[in-house]
Structure formats: structure tokens, C-alpha cells
Amino acid sequence: MIWQLDLLILILVVLCGIGAIMIRDLLGTAILFGAYSFMMCLLWAIMGAVDVAFTEASVGAGVSTVFFVATVYHTTRRTKD
Amino acid sequence: MEPLTSLKPLLAVLVSLGVVPILISSRSPNVREAWTFGAAGLKFLIVLSMLPAVLEGRELVCTLAQVLPGVAFRLRVDALGMLFALVASSLWITTSAYSIGYMRGLKEHGQTRYFCFFALALSATIGVAFSANLFTLYLFYEMLSFATYPLVTHHQDAKARHSGRKYLLYIVGGSIGLVLPAMVLAYHLSGTLEFSGQGFLPHSGSPILLGVLLFMFLFGFAKAAIMPVHAWLPAAMVAPTPVSALLHAVAVVKVGVFCILRVLTEVFGLDLLASLHLGTAVAYVAAFTIIAASLIALTQDELKRLLAFSTIGQLSYIVLGAALLSPKGLMGGMIHIAMHAFGKITLFFCAGAIFVATGKKNLSEMAGIGKRMPVTMAAFFIGALSIIGIPPGGGFLSKWYLVLGALEADQFPLLVVILVSSLLNAAYFMPIVYRAFFVGSRETTLPDTVSEAPIFCVAPLVVTALISLVLFFYPQPFLDLAELAVQTLIGGTGK
Amino acid sequence: MEEVLRLVVERYNYWIYITLMMIGLYALIAKNNLVKKIVGMNIFQTAVILFYVSIGVKKGATIPIIEHNYDMAHQAIRAADYVNPLPHVLMLTAIVVSVATLGVALAITIMVYHRYLTLEEDEILKQIRES
Amino acid sequence: MKNLGLLIVVLVGAVLIYATTDFPPFGDPESPASLHVSPRYLENSLEETAVPNVVTSVLVDYRGLDTMFETTVVFAAGVACFLLLRVPRRRTPAPRQYRHRLTGLTFRIKDGGEISLPLQEFEPMESIWTPHDFIIEKVCCYLIPFIQLFGLFVIAHGHHSPGGGFQGGVILGASIILLSLSHDLRTALKRMGEKTSALFSTFGVLIYAGTGALCLLLGYNFLDYQALDPLLPGGPVMARYHGILLVEVGVGMAVMGTMIWIFRNLASRGRHEEGL
Amino acid sequence: MSQYYPALLIAIPLLAALFISASGWLRPALCFPLALTALGGSLLVSLGLLSNVIRGIPDVYLFGGWPPPWGIYYRVDHLSALVLAVVSIVGFVNLIAARPAVEKEFPEKAAPFYTLYVLFVTGLLGMVITGDAFNLYVLLEIAAITGYALIALGKGRAPLSSLHYIFMGTIGACFYLLGVGYLYIITGSLNMEDIARLLPPLYESKVVTVAFVILMVGIWLKMGFFPLHAWLPNAYTHAPSPVSSLVAPLMTKVMVYVMIRMVLTVFTVDYAFLVLKLNDAVVWLAVIAIVAGSLLALAEKDVKRMLTFIVVAEVGYMVGGFWLGNRAGFIGAVLHLVNDALMTLCLFLAVGNIVYAKGNSQWDSLPGLFRTMPWTMGALVVGALSIIGVPPTCGFFSKWYLLLGAIQGGHYGFLAALLFSSLVSVVLFFRIFEISYFEPFGASHGPDHGEDGPAGREAPLGMLVPLWMTALGLVLLGLYTGEIVDRVIRHAVPGMML
């Protein structure tokens, strides 16, 4: 495990997480959340949890994002915060 | 002597399951009331059938379920319970007859409901009488509280609702707020709730705790209407008269004092009370109630309210008798349960009969009524005699014993209280009788059409009045029972 | 100082997970928008998963798949050579649970939106109070 | 609310960080978690189940019950979305729109009747119409079979490489979702109807639970795949191996069906007519 | 046969749920009979388990044949057998009562409804019986997800309430998961008894303390313990009535069970009561919960919503009773768990009948109910008396033990809170009875009193029979309290409390 890479991705994860809840557009939130999940997936792959990473890649970054987008499609992109 | 195991006490309680046929036959009033009578008669017979065994000094026991460690759901028939059960079950018969007359006379609604809850209430009363421990007692006490609520609020109007609230506030508030914790505390102290002649509370408990406990019981059993928890009783007068009669003479208030008797004698025990001087304290609380209630009764104009305050006073006689902690006083208290029951129920029946016949409730409107309703008012007179304690009213006997008890206990002030209150009783009853019979026809405001109430109303009150008289001359069964009860209580102390 | 540094370096992973978790929790509690809340909920869940996966890490170990053609007759498998697989198993389950929760939550969000035509919680509550 | 949230967050965070000081160091091979239960899985998995991917063997065999309920959770979520969102089919179908490919003329058919126009010249159109991107459509067309093949591979090869029923199922599901994203919902529905996806999800879980119950019927404990020995070739250890495969297929089916099911209900708000 | 009971208990409803779902697509008429058979089956199995336990046959079931701590195992002891029986009884009885309401409110969605219903019960049963901390989490999520969906099915505000429930429930579940993770990191095991075996040398560790705190907070969130109860009233009020009468009696009770199980089996009472010394603090929290729940209930003008606050108060009873840390308190808490499940079931079923007949349970729809729906109201009275604590209904006996525990533990605040809440419940219920008994005011005398009141009809027999079964059950349970305590609960009391 390369700790520099590890730390970099950890920071990215936190940034994506904060971004996902701060951005004032729900579609953006959904996409950032997908990015967050993908970073997380990388992190887990680094930690040797390949199965978990695989799952997160397909579920968190894939299907979850699609679910979010579908929801935003049927509701609204507008958000106050 | 060994207690007998018997199902009879259970049967006596369960006979009131007659409510089921009552409910089913709600469409045909005659059948319904036949069931009521049947159940009442059967209950009386069952109770009576246990009398010989009890008079022999035996106890009948019936254990139903072990609900808590050391506490069973158990029925037991002893002398004191027998005395009370006899009174209650015999009065149910007369009250049923009276109810039929009254309810039909006034064309009340919801008669089926009325008879059902009446039966339930009686069942609970007998249950209280035959309880073998504090838990069973509490169970039936609560059952009675809730069974009488629909009776008290029978009219279903705003006034009834208000009185119902007051009734619940005092009765249920007392039983849950005070009796329940007191009971748990008693269980915590002694590990049992079973009544015993010497009381089951350990003598080693801290006196303050025991004192608090006693007063929790005393005021928690609010049905006994000891001041200051008496206010529900006058309020509950909105109920139909047979219910008032039941409340005052037979079931509710008597259950209250009966519970207090049990607590004083078989939870605490006379020795413990004497050693802590708690008896005297209770006696003075009772004495205050006696005097205060009689004074308030003097100011009342509505007949039923007057009777209510009279009841409050009379109940405290019973408590007073027990609190004297002397054999004679105890006997007086116990007999007073019976004597007051027959006397007071007569008075209530009369009040009801007057209402059915004339629609009048207030004393001021009743001048000259004795000429229109001679039988009723004669019965009223007898009842009043009994309550005041003038021979040949049965009440004389109980007062006699109370006075003896007070002397025995060297409580001179209490003796004075008893005598003064008797005078006060006379002061509020006698003017009624006087005005009923001895005012000129010019002063009466009653219309000419007024005559006696229907036969179903009059017959019961005649019967109860006669019983009051008979009890003066032949009080033997009650005296024997009371004596037996006192013996079991005192006998243990070796006096 | 060195002590503190060691504490930080040895456990920074755990701290990051706590940070993420707090981000999620904050979004769940303080955000006004329902979808944002759901995102927060998911971040919260993934943070817990990160924590579990961190438990499983062993220095100098490889992924928990035994090499092919492993010669069992000659040498026993050394557990220290492989990452702890148990947390991974648990977290597979947890991920699935989180996506299931997400599906239900989003379905309900759509229902809420079509009843109140907004996703802002304060506006919804205002509508409820006014009706 | 914001301040309260911040307060709670800080409080919880402080408590959690407080506890980390007593944690074993990160990545410590001597930590209790690495020494107590898990070594047995690593050391004996190959011997007891013949599955080199320890995660798979623990997931489906040692802790198979968890996974059964995990699949049930997914199934429950599918049923939940259906229960909450699905609008029962209306008596009178919604009006449909068709667009002539060449001229761009649109037709609106009110009563939902079938049209007798030459179909290849017309395409169904959604109320919010976006022109279909030819490139995306075609690329996806060619991609989807490969995605599905990969999904099947992931399911089947889960014993030896990362992956398994769950990941493969999601991939398979994603392929159908991709179809509805790149074309439209109706096209995807024609390929795989609602009933099919629902039954897939049900029977997937049923395969899992049924395998467990079968073991019970064969006289072993619930989910003890060893019981399948008489039915499958290769002895008791291989019976576990095959049992795991069977169950993985069930998981894959269930997850695929459910993901498609949930997506459709979310994307079309339960109308299954048009959507994302 | 009986050694398969733990597996059957879970397998029967799980398989049935799948068959129900399938038959919804293939043959919808079969859904209800299948659900009934499944829950009936698990009811029989759980009674079988209970009788086994009483006869002293230990029941440990290894799933997949793997021994603990490597595999997952189910373990039945006196406590869990009792709670299992309660859960399956409530699930079964309520299912019978649910049918008319389902057919009236959402006939076309009966299949998914029954599927989720049966899965919910499966999840709860599993939570009670499992001996693995992580398995409990998965089952918790099954119960939770199905619960969210069922609650969101209601009218009006239901989806929003359900969404709030999801947020709170997820935080609770994640805290639970985190707590288990903390235990795992320090012990390396997930099996409850194994953890308990490994913990004693680690009692001083901060990790264990924090794990305990997080677990408790998570569980309290899920059970709606007072300051964390905010989601509960809305969710239970707006849910469809067959759902609230399922979720309200069971979810909180099972979470209380989980709390007891965690303290008893995982951390051991020694740790919780002697090392951490949290008893007093938690009992005071319970006191606040009871008082606040009762007071909040007073403010409500909707019977169902009022009941939900009573649920909040009752949770305080159980938590407080358990944390008193003495024998009577423990017996009281467990007994109350059993009793309260049936009491709330009875009350919610009765309210369900009112909602069925009147459309809602606001006070406006109450007048004249004693005349139009005498059977429903009769059962409501029985349930109310039990909540108030009137013998011989079962509510009295659990309250008795709790009071005794409070006195023995010298915790008079708890004693006062219990009495206060009993008195408040008298007020609460008699307000309802007054409205439905007195109003509309008519002539106070005469034969035709109240006949001009609002017309109405008694609920169908299919709802009355389960209701009265429950109501009579309350009395029977009360009379058999001695037996239950003697044969079952007594054996569950941990040694330290004796």
C-alpha cells in the first residue's frame, strides 16, 4: 500500500463528500455522489478489499447514481442548500 | 380450625355472570329482569349456605391462581366477610325489585346496560367481601370502581359527565395513586399480602413509614369517603336513585369502609396500631369527619345530598369503631355496616319513590307529603330512627357498642363525638319527618294527584324498613358474626 | 509530540472515517433538502463501511484469494499473508442493505414530492401546518 | 437545526475519536480482529469448500445466512418500491405520441389504440421528447451483450476471482438499465417485462432459500451444502463448491431482477409507460 | 423434529413471503391464505420452542453446520422463546384483522403488502432468536425496510413520516453496526457469547465503553426512547391501521429485547451495572421518557396519535425497569414487554376498527361510538384498563413488578413516574370514553336517548374476532402471570440480580 496515494484518495473522498452535500444542484449532487463512491471504491481496492470495491463500483458508483438521477428526473433539481 | 376448600365463594362471585343472559335477552325486558332476580336470589342463597360453616368458626377458601410469589388470587370467607356479604346480597334482591319499579316508572334508556353493570358491581362487592388478601381485595375494588362508573353517569348528560369525572378522580386517583404504591410497599416490607388476624406487616418497620402507609390506605380507599376525600359522594348523586342506594348503602361506600377495616385489623393488626398510637390518630380523623359531615348535612335542601352527607358521617362511625382498637368498638363498627345499610337504603328508596311519584328532589317542596305517601314516609321515619340510633331502630345497637367501645378505650372525647353527632343526626332527620306529617294542607305545594309510587318501588322500601326494625329485636346472626370476627382478631393477641 | 504524531499516523484512517461519518450525519440532521439528506445518509453508511474495511487491513498482506495451484501438501496457508476477509463479507452485506434503503428512500421521496411539489423540508412542513 | 446538528455531530465525533486512541494500530497484523476468528477462514477455506476466494466462501457458506437475508433485503426493497410507486394500469390508456422519422411530424393517439401506420417509419415518442442520439444508441446496442457476458462471468467465476452473485447481478441489471437509458423505457420493457423482472427477483431468492431448505430436507442443517452430496458430483467438499455456485446464481438472478424492477418504478414513477 | 425448529421458524415465513410474491403475479387469490399459513406455522413453531425451553431442552442451531464463532448460530433461551411467542402471536392475530382493511384500502396491492408483512415478522423473529451480532443487524434492516414501506403506504403525511423514520432508523442501525464494529475490532468476534467470553479483560478499554454507548444510542433510536423518539408518533399515526397495529406493538418491544440481550449476553450485567454504573442515569432518562410521553399524549386530539405517545411512555417503563438492575425490575421489564405488546395490539386494533368504520380516529368521529360499535369499544376499554394497570388485566402485574423493583432499588423517582403515568392514562382514556359515551348529548331521561346520534356500523367480524381474542388474552395473561414468571422469566434473570 502506497500511503501517499492512500492519503490523496482519502482527501479526495472527503472533498467529494463535502461537495455532494454542499452543491446547490441535485443533479450535481448525484454525480458528485457517484464520484465519491468511485473514490471510495479505489480506496477499498487499495486496502485489499477487492470484493467490496467491486461491489461499490457497481452499486455505489453505478446503480445508486442512476437511482438518484431517476429521482431527480421525477422531482426537481432545485435545492436551497 | 382447618379452613375448608370450597368453590362456593367463587360461585357467589360468579353468579353475577347472569349479565350474559341479561345482555342476550335485552330485547325482552321481562325475561331480562327475571334473570336479574334469578341471579340475585341465587347469590343470596349461596351466601346463606355458607353461613352455618362460618358460624362454626370455619373458613372457606378457594384459590384460583398464584399470580405473584406469595400472592394468590384467593377467596376466603370469614366472619367479617360473611357479615358484609349477607348484607350486600340480601339488599341486591330488594334493590333489583326497586330498580325495576324505578326504571320502568321513569322509562329510562339503556336499561339493559344498567342491569348488567348493576350485576357486575354486586359481583365485585361480594368479591371484596370474600377476598383473602390485599391483592384480591384491590382487584375487586377496582372492578367495582369501573363497573359503577356507567351507573353513576347513567343519564349521559353534561352533569353526569361532570360527576363521573369527579367520581373517577377521587376513586381511581386514590386507588392507583395511593393504594397501589402502599400495597407494593407493604409487599416489599413483608413479602406477602395475605390477611391474617394479627396483621402481616412486620413490627420492626420504621414508625414513620408505617404511619405514612396507614394514611395512604386510609385516604386511598376513597370509597370510604373520609374527609377530605369525600367530595365525590355528593356529586355522584346525579345517578338514578337505585344506584345511589347501591352506592351508599350496599356496595361502594361499604366496600370502602370494609377495606379500611381489613387494613386496620388484618394488615396492620391491632397490636401494631396500638403500639404506634396510630389507632387514635385514625379515630380523630374519623371523628372530625363525623361532626363535619353532620353539620354540612344540616344545611342541605336536596334530599339526596342530605342523605349523602349523612352517609359520610355514618361511614366514619365504622372507621371510628375499628380505630378504637377495643373489642366492643370493633363489634360496633362491624354491626354498623349492617345496620346502616338497611337504614340508609330505606331512606334512599324513599327519596327515589318520592321522585318517581312527584318529581321532587328538594326538601322544601315536600311539606305535607306524609299524607299523600303515608307508607313511604313511615318507612322513612323508621330508617331515620335507625340512623339516629333510637330504639327500636337497628342502629341503636351499633351505637351502643360504639359507646361501650369508646368507654373501653378510655377515649372520652370520642364518646362525646358519638353522642353529639347522634343529636345532629336527629336534628337533620326529624324536621323532615315533622314537615311531612304535621304541616297543614295549606302549606303543601304538592298537587292533589300525587299518591304512592308503583308497587315495585314501595314494596322494597317497606321490606328494608321492616328489616331495620327486626334487626333491633333479633340481631343474632350479625352479632354472632361480629363477635366471631372480633374473637379471631383479639384472640391472637392473647387478651 | 512524537507520541501524538504516532497516534495520528497510525490511526488517520479511522479519523478520516469519523470525518466522513460526521459529514453524513450533519447532512442528515441539518440539511433541508430531502435528497441531500439521503445523500448524507449514504455517506454515513459508506463511512461505517470504510471503518470496517479498515479493520481488515493487515500490513504486508495480499487480497484474500488463495493463490491458484496452492500446494497444500507442502506448506500450510499462513493467515498473516492475506487480508482479513471477514469485514469484507460483512460490508458486502452492508452495501447491499444501503442500496436497498436508498431505493426505498428515493421511492418515498418521489411520493413526497408529488404530494407537496417540493423537496425542501421546511416548505413541506409549512404546507402541512397551513392545511 | 443547523446549530443543533453541528453540536450533535461534534459530540458524536468527539466520542468516536476518543475511542480510537485505544484501537489497535491501523493495519496491525497482530490485532484481535486478525487473530481470532478470521484465520480459520483463510486457512481452511480451500480445504473445506474448495473455494480459493475466501470472501466468497465466507459470504455464501460460513456466513451464508447473512447473505440469504441480504438477498432478502434487496428483494424486500424491490417489493417496497413496487408497493409504493406502482400505479395500477388505468382503464383508459394515456395518449401516445408517434413521430414520423423523416418529416418530424408527430401524431397523438388519444384512446391508446394501435396504429396501422407503417411502423418502421414512425417511432414512439415520449411527452418530453429528446432526439435519440444515434451513436449512443448503437454503441450501447453493441456494448450490452458484452456487459451481460461479463456479468455472467462474474457470477460464475466468483469462486476464483473477485465478484460473485451480487456483483454479477448488478452488472446484468445495469445492462438492462443501460438499454432503457439509451433507448427508452418501452424498448427495455419489451425485452424484459415487469412480471419477468419481478419473478426473477422472487425466484432468485427462492433458489437461495430453497437450497437451504433442501439441505434441511436431506437431513442436514439449513444451508449446509454438504447435504447436496448425493445430488452433485465430486464428494462433500465439491458439494459445497457447487452449492455455493447454485446459490450465487440465485443471488445474481434476484439482484438483477430487483435492480431493474426498482429502476423502472423510480424512473417512470410506477407508470411503466415512459421515463428516464 | 424439534431440533429443526429454529431453522423452520425463519424458513417458513421467508419461503412463504417468496411464494406470496410469486402468487401475486400468477394467482393473486392465494396471497392471504399463504400468509396465514406461514405465520400460523411460525406461531406453532415458536410455541414448540417455548415448550421445549420450559422442558429444559436446549436449542442451539448451527446454520450451515459451522460451529460458532465461525458460523452463525441461533440460540433459544427462556427470554428469547418468550419474545418469539409474543412476536408470532401478534403477527398472526393482526394478520387476520388486516384483511378487511387491506381489501378496502388497497386491494390491488395485496400481494406486495402481505409479502412485506410476512418479511417484517420474519425479520423480527430472526432478531430475537439470533446469536450473532451482525446477523442481528441484517435482520434489523429487513424489519426496518419492510416497516418503512408499509408505513409509507398510509394516507396524507405518511410518506414524509416514513422518510423521517428512514433517516432516524438508518442512523440507529448504523450506530448499532458501528458498535458491533467496535466490539469486533477489540475482540475479533461477532458471536455474542464469544464476545462476552473475550470482553472481561478489556473492560477498562475505552473502545468497549464507546461501543456500549453507541450500541445503546442506536438501539434507543430504533425503539423511540424519549429524547430520540421524534420519528415515532408521526410514523405510527399516519401508517395504515393494519400496519400501525403490527409495527407499534412489535418494533419497540423487539428493540427493548435487543437492548436486554446486548446487556445480558454481550456485555454482561456485571459490566453494565458494576463497571459503567450507568443505572441511575438511564433510569432517570426513563423517568423523563415516561413523564414526557404521558404529557405529550395529553395534548393530542387523535386517538391513534395519543396511543403512539403512550407507546413512547411504555418504552420508558421497560427501559427503566430493566436498568433498575434488580430482580423485580428485570421481571417487570420482561413481563411488560410481553404484556405491552398485547396491550398495544389490542388498542391499535380497536382504533383500526374505528378508522375502518369512520375514516379516521379524530375526536370528532368518536361521539356515539359506544352505541354504534359496542364490541370495538368494549375491547378498547379492556385494553385501556390494562394500560392503566387494573387487575386482573396483565398490565397490572407488570406494573406491580416495576413498582416493586423501584421500591427495592430505592428509586422513588421511577415509582412516582409510573404512578403519574398510570393516572395520566386514566385521564387519557376516560376522555375518549366520555366523548364516545356521553356525546352527542340528548335528553337525559326517556327511552330514546342518543338515538339521533351519528349513524355508524360495527366493524366486520373478521376484525372483531382478533380484537376480542386479544382483549381476552389480556385477562388470561394477567391470570397466568404467576405461571409465566415462574416457568419462563425467572430462569432468564441473570445471576447478579438474584
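Lettered A, B, C, D and E in written order, each chain numbered from 1.
One rule holds in what follows: a residue touches a chain if its C-beta (ideal position, glycine included) is under 8 Å from a C-beta of that chain, and two chains touch if they have at least 3 such contacts.
None of these values were measured; they are calculated from a predicted model.
J.: Using the touch definition up top, find the fewest steps from chain A to chain D.
T.: Minimal hop count between chain A and chain D: 1.
J.: With a step meaning a move to a chain it touches, how many steps does the shortest path from chain C to chain E take?
T.: When the steps are counted carefully, the minimum from chain C to chain E is 1.
J.: Is the C-beta contact count larger for D-E or for B-E?
T.: Higher C-beta contact count between the two pairs: D-E.
J.: Please identify the chain lying most centrally, where each chain is represented by the average of its Cα atoms.
T.: Central chain: E.
J.: Starting from the mean Cα coordinates of chain D and chain E, work out the distance between those two points in Å.
T.: That gives a centre separation of 32 Å.
J.: Need the CA-centroid distance for the pair chain B / chain E, whole Å please.
T.: Roughly 43 Å separates the two chain centres.
J.: Just give me the whole-number Å value for how far the CA centre of chain A lies from that of chain C.
T.: Measuring from centre to centre gives 11 Å for this pair.
J.: With chain centres defined as C-alpha means, what is the inter-centre distance between chain C and chain D in Å?
T.: It comes to 19 Å between the two C-alpha centres.
J.: Name the residues of chain A that each touch 2 or more other chains.
T.: 1, 50-51, 55, 59, 63, 67, 70-71, 74, in rising order.
J.: Counting only residues that touch at least 2 other chains, which ones in chain D make the list?
T.: 16, 21, 23, 27, 31, 33-34, 37-38, 41, 53, 55, 59, 63, 66, 70, 73, 76-77, 80-81, 84, 162, 166, 262, 266, 269
J.: Could you say which residues in chain C touch two or more other chains, in rising order?
T.: In chain C, residues 12-13, 19, 25-26, 54-57, 59, 61, 63-65, 86-88, 90, 92-93, 96-97, 99-101, 103-104, 106-111 touch at least two other chains, as defined above.
J.: Following the definition at the start, I'd like every touching pair of chains, please.
T.: Final set of chain pairs in contact is A-C, A-D, B-E, C-D, C-E, D-E.
J.: Give the list of chain E residues in touch with chain C in this complex.
T.: It comes out as residues 134, 137-138, 141, 144-145, 148-149, 152, 157, 159-160, 162-163, 166-167, 170-171, 174, 177-178, 181, 184-185, 190.
J.: Within their complex, state which residues of chain E touch chain B.
T.: Per the touch definition, chain E meets chain B at residues 385, 388-392, 397, 399-401, 403-404, 407-408, 415, 419, 422-423, 426, 430, 434, 437-438, 441-442, 444-450, 478-483, 485-486.
J.: Could you please specify the touching residues of chain D with respect to chain C in the complex?
T.: Those residues of chain D that touch chain C are 1-2, 4-6, 8-10, 12-13, 16-17, 20-21, 23, 25-29, 31, 33-34, 37-39, 41-43, 45-47, 52-55, 58-59, 63, 66-67, 70-71, 73-74, 76-78, 80-81, 84-85, 160-162, 166, 255, 262, 265-266, 269.
J.: For the complex, give me every residue of chain A touching chain D.
T.: Residue list for chain A touching chain D: 1, 50-51, 53-55, 58-59, 62-63, 66-67, 69-71, 73-74.
J.: Going by the contact rule at the top, pick out the chain C residues touching chain A in the complex.
T.: Within the complex, chain C contacts chain A at residues 12-13, 16, 19-20, 23-24, 26-27, 31-33, 35-36, 39-40, 42-43, 46, 49-50, 53-54, 56-57, 59, 61-65, 83, 87-88, 91-92, 95-96, 99, 102-103, 106, 109-110, 113, 118-120.
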